[in-house]
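Below you'll find the structure, written out as structure tokens, and then a few comments.
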Amino acid sequence: MTQQRIGVAVIGAGMAGRAHCAGYRTAPTLFDPRLPPIHYAAVIDANEAVARDAAMRYGFERSGTDWRELLEADDVDVVSVVVANHLHREIAESLLDAGKHVLCEKPLAATLDDARAMVDAAEKHRDQVAATGFVYRRQPAVAAARDLLTQRLGEASHFNGRYWCDYALDPRAPMTWRYKGGAGTGALADIGSHLIDTAEFICGPIATVGGAALATRVTERAVPVGTTYGHARAELSDVLEPVENDDVATFTATFASGAVGTFSISRIAPGHANSLAFDLMASRGSLSWDMDRPAEFSVLSDLADDGFDGPRTVLVGPAHPYVRGGLPMDFPGVSYGVGDLFGYQARALLEQVAGIDGLPRCAPFADGVRDLTVIDAVRRSAVTGGAAVDVPA
Amino acid sequence: MTQQRIGVAVIGAGMAGRAHCAGYRTAPTLFDPRLPPIHYAAVIDANEAVARDAAMRYGFERSGTDWRELLEADDVDVVSVVVANHLHREIAESLLDAGKHVLCEKPLAATLDDARAMVDAAEKHRDQVAATGFVYRRQPAVAAARDLLTQRLGEASHFNGRYWCDYALDPRAPMTWRYKGGAGTGALADIGSHLIDTAEFICGPIATVGGAALATRVTERAVPVGTTYGHARAELSDVLEPVENDDVATFTATFASGAVGTFSISRIAPGHANSLAFDLMASRGSLSWDMDRPAEFSVLSDLADDGFDGPRTVLVGPAHPYVRGGLPMDFPGVSYGVGDLFGYQARALLEQVAGIDGLPRCAPFADGVRDLTVIDAVRRSAVTGGAAVDVPA
Amino acid sequence: MTQQRIGVAVIGAGMAGRAHCAGYRTAPTLFDPRLPPIHYAAVIDANEAVARDAAMRYGFERSGTDWRELLEADDVDVVSVVVANHLHREIAESLLDAGKHVLCEKPLAATLDDARAMVDAAEKHRDQVAATGFVYRRQPAVAAARDLLTQRLGEASHFNGRYWCDYALDPRAPMTWRYKGGAGTGALADIGSHLIDTAEFICGPIATVGGAALATRVTERAVPVGTTYGHARAELSDVLEPVENDDVATFTATFASGAVGTFSISRIAPGHANSLAFDLMASRGSLSWDMDRPAEFSVLSDLADDGFDGPRTVLVGPAHPYVRGGLPMDFPGVSYGVGDLFGYQARALLEQVAGIDGLPRCAPFADGVRDLTVIDAVRRSAVTGGAAVDVPA
Amino acid sequence: MTQQRIGVAVIGAGMAGRAHCAGYRTAPTLFDPRLPPIHYAAVIDANEAVARDAAMRYGFERSGTDWRELLEADDVDVVSVVVANHLHREIAESLLDAGKHVLCEKPLAATLDDARAMVDAAEKHRDQVAATGFVYRRQPAVAAARDLLTQRLGEASHFNGRYWCDYALDPRAPMTWRYKGGAGTGALADIGSHLIDTAEFICGPIATVGGAALATRVTERAVPVGTTYGHARAELSDVLEPVENDDVATFTATFASGAVGTFSISRIAPGHANSLAFDLMASRGSLSWDMDRPAEFSVLSDLADDGFDGPRTVLVGPAHPYVRGGLPMDFPGVSYGVGDLFGYQARALLEQVAGIDGLPRCAPFADGVRDLTVIDAVRRSAVTGGAAVDVPA
């Protein structure tokens, strides 16, 4: 069988961009061997040295500083967009118009309007993939939670979700683009977007939100000297700039199913480096998970009369989504990390491009809009002092 | 030194009433030996056999079925009121008028109006103690959390509180008075009252609530045959009655300090027999506790630059409130249970009656009103679909 | 029904002695109301003030400094012996000869010979109870482990037991009688005795031990100024005395059943105040418990083919031994502490004295000899450099 | 800078062999970009289809069924040997004689004699790397434990090590080469070898062992129909063959430092898929780790007088070995899995071949002999009923 190779490129070679690069490199090693050959074409970053390093490291043929070069590159079919949110729209629209498949990081755009425009662009190119990078849907335990709720746990009554990070806790963490953009574009958009997507992925759509609060606790930060990547420390200048968006975001929600939810999001949570977590209560069982221990979850699904019940602590293994065949070692107890999820995501995208059945498809741009729609409703609740706000279907 | 003895009585000999009886029995064995002699006078319960059993068991002199007999009993100085909420007001007012000190279980009354009337009654008898039984303030870890927030953790940014029980999960749990009374008198009043008091005890007053939802998921229950106590199973009759109040309650809050909070309360939470829990995030540390493991808490209070940080798992010991001298074995790792808290509470009450300094004083009736005021604000938010509601100071 | 009252006394009013006093006080409040009336007769301690304090605190009629007064006391039927190990034999023999029932703390004696003589004494007074205070058999989770191994877990293959404390970690902890007596009388006898009893209680008799090591890491300690109790800090004198016995003890064992075991005992284990813990592996399941979290255990008892298995975290509740009726609040999640176990133990002893069926009987002196027999075999293995040693049946 | 490329090959493409393949593929993406170009030359497996699949999957140029072809392959510099233990010697000796660098899986050989011969072969080729695959030394937490013991925890007093798996628990798991070879070649050699290496890696050399027991609990197994890989289930034939080696292995050890240790190893431990775990007690702190949660460890390293102490739960992050620069996302909380360790190991080997300083060097063959020397001492203790046995230095 001859297969046409798929050419891939990544725009943005910071921490998350490198994770995309690694994901493409891992994708053909996972699961069964049906993927077409992958051509590692290009890595683009505004910082030339950073782009070059990533290209060499992950085996991409070339690097560059201008993403527009990809528009006419014949050897590029698929592009990951991993840059600041306000740049997503222009890049994604241009790539789609140029006939490329696009995987755009979340939140899909800096504004809901931008995101909607991106969906419109995708609509014009229905034969191309336009995907949002909700990588945590690829957590085996998250996928198991969704399946278990459908199959064994009964009706959901309550979802208690948290996403607690500490990257902004230190007042000396440098000012970056993350701290600009107004209420709702901070912790809510950056990490709350993941939590909201996870909640809807598992429990279905949110119908209303309320009681929202968006709080900024570190009110100004120093501009760094030079370029910074990810959440790295940096030398600071004397220039202080105001933090424009939220450190902490909270709200409640009612799902269309009738289940209720509480949401707690913070980028200044001491002791929580990257803790996306939830407890899910349902009529015939419950399930809890914390990304601090990603490869395990706690589940109670068999209610007994003998008082002997207690939740099981399950290590993800071949019985769970993504694990069988997903890594060289696929028995319970070998664990995995966030990096592995980017491999799953890249694999899913390439399968979709190649028209192969396999992993669950990537979230379309519409899911990115959906996520921003909920975020926008939360923001509107917050700016009105916590009023109840319906979320458009 | 000759001391006048203190006579004690308990009204209501169900599960919680027996805990009060045991508490009075334990109180003089704890801490230092300054308490006056305790006279164990009477246990009252509508069910004569139940009253008699409790009296004999805990060494009370007599039992009876009519609480009014206590009003004229010369040998009774202190009375615990541990009966259905709607009976609290009449009993407490009568006892106060009869010159007794009163410890009333929470929630202080079935309605805010009743509770306010009880405060008025207490105002008329300022030389008598009129206390609300917020027994979880006596948890060593809760008291430690309050102290640590003041002393070491900096400014609170977020409180995520849960109280999850499963006593109402089984649709075959019998209909009792707990399921009557309308929205806000169910899980919110029964266990949410503890969670709200714990939150304000640690973080100070709540200024606004919002996004509230009160959901009933098990809509009718069978009336039992015969009398039931506590959460015990019972033989069921064919008579079904509607559940009138909330199985699940959720809301957000903003504290007067500016901190925000999320609150999640359920009596139908599979796998959670009695899990009052919270995470407290502050500017210089964080603290987490779950009553499933009451004798330990997790705390991060020393933020370092070396990435080596992680929260400590602390077993409560002599360094923490209530532990030194509080039990025969007072080193970390001997643990304790809810029963021990009733000993602390009874001790505190008796110290207060005797005018001795020692344990923190009991919560006055006013704190019971305060708790119901927050509950009422939550209820009002819920009935208006989640609107923001100010909590009167 | 008229019942003859039972008079109780306690010799030794240190930390553990006070726990015995509290236990007798609690005993009649637990479970059903069949116990005869208890007469709280006397507390004896070499330190008069200490004895007096305990007597007053726990409601005993009198106190004294000479245990011999109990021999002729008509109002004393049952005596707890809670003093230094080398005093056990003389006191217990005298009490038995005086017609008293005796509950002696573990280890039963300072030497195996002494302990055997105590059994001989008990044999002469078969109508009196002569019990060893293996109080941890009263842990609901330990009793559940024993039951579950019999009923659901299949054949035991391996027991990994630890008892880790830190009371001797600080080199400034004062010299006491605990540090005197030669290899095998230190951590092995003090806390290892509990671990060995727990292991045999659950898994049956140990047939051989081997590979034993007894290590002393803090080689001398300062004599305190004045009297000390329990593990309390004290003002130290300038007098240093050598530590004569073991800080750490390790060995392996083969049980008569064919199961094997590893044992690790330390009184200098940083971060472990009182951690008696074990993992039990069997053909159809496993069970783990750590006294740091006494009210829960982890159990896997239903092996499935679907990869979904994981151990349950069970909170002890009414389905487990000791809990139903054992405390006022007997649902899962109310927890309990070591103090409660002394209530169970006292109750069991009083039931036995009164000829009532109820709780499992107390361990006889023979079980105390058995425990010392295993300890002696471990000691012999250690002094011969780790040789295998058969344990007499 | 022009660099000579390094050609790599892997012999054995089962579960562990594929992990080696993936490791070589990942190696150049980690840390800094100094590695020479890697040429992915060949994958060899007795099963042609398996070899071909692995080669294609991980980007190796060719596959084959005869490892001898590598001896003359000019494009192969480095070879991983990942086949049954009894084949290690011949293959490794041949490869070394052919001028190749060799990384051989543990245990280094089926017998101590074979392993010593391999060291002799390595001695003849000192300019070639001859490494043993102790991959768990690459666990960030294990490396941190070693560093912390040296720097902050004081003198080790006790090591309690466990390696509990369940791959052999099911009596229907098929007969494979793992169950052949006599006492000491089962759980002790397969997984105990990792535990012993981990113990000595952290605590230094073991001086004596004793009290050893080697138990076989599942005494016969069915031969599968067809080929099996790793621990996979398989269709079983009617042919039963006896299990020749140990399901459970236990022993104690005394380290040259004077610390003592207990070791518990089982391949039939219900609920423990792959739990390599230890507790390390030292004079100024303690550290615990369980591979079930590989990316975290518990550590107490700052002993205070205030009773506030408790061990920290630390998520590995940039402060710990291997993490900084080791994965695209290197902040605490992103976790990692066993697969990542093979990337570290491959990287370390390639650095060593290229003469680059970087990661800690691979364990030499001598360390593999050392490991087997301890295993042999344990075996000798076991066959003499648990006698103490000195371990040659």
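By written order: A, B, C and D. Residues from 1 in each chain.
Going forward, contacts are C-beta pairs under 8 Å (C-beta built on N, C-alpha and C of every residue); 3 or more make two chains touch, one makes a residue touch a chain.
Keep in mind it's a predicted model, so treat the numbers as computed, not measured.
Asker: Does C-D or B-C have the larger number of C-beta pairs in contact?
Answerer: Ranking C-D and B-C by C-beta contacts puts C-D first.
Asker: So which chain is the furthest away from chain C, centre to centre on CA atoms?
Answerer: A
Asker: At what distance in angstrom does the C-alpha mean of chain D lie from that of chain B?
Answerer: Distance between chain centres, rounded to whole Å: 54 Å.
Asker: Would you kindly tell me how far, in whole Å, the mean C-alpha position of chain D lies from that of chain C?
Answerer: Distance between chain centres: 41 Å.
Asker: Quick check: how many Å separate the C-alpha centres of chain B and chain C?
Answerer: Spacing between the chain centres: roughly 34 Å.
Asker: Please output the residue numbers of chain C that touch at least 2 other chains, ranges allowed.
Answerer: 272, 296, 298, 309-311, 315, 317, 332
Asker: Show which residues of chain A lie in contact with chain D when the two form their complex.
Answerer: Against chain D, the touching part of chain A is residues 15-16, 18-19, 21-22, 25, 28-29, 33, 53, 56-59, 165, 167, 230-231, 272-275, 291-296, 315, 317, 327-340, 342.
Asker: Which positions of chain B touch chain A when the two form their complex?
Answerer: The contact residues of chain B facing chain A are 155, 157-158, 160, 162, 164, 169-170, 208-213, 215, 217, 247-248, 250-254, 258, 260-264, 266, 268-272, 279, 281-286, 298, 300, 303, 309-311, 381, 384-388.
Asker: Name, in rising order, each residue of chain B that touches chain D in their complex.
Answerer: So the residues of chain B touching chain D come out as 296, 298-299, 306-315, 317-320, 332.
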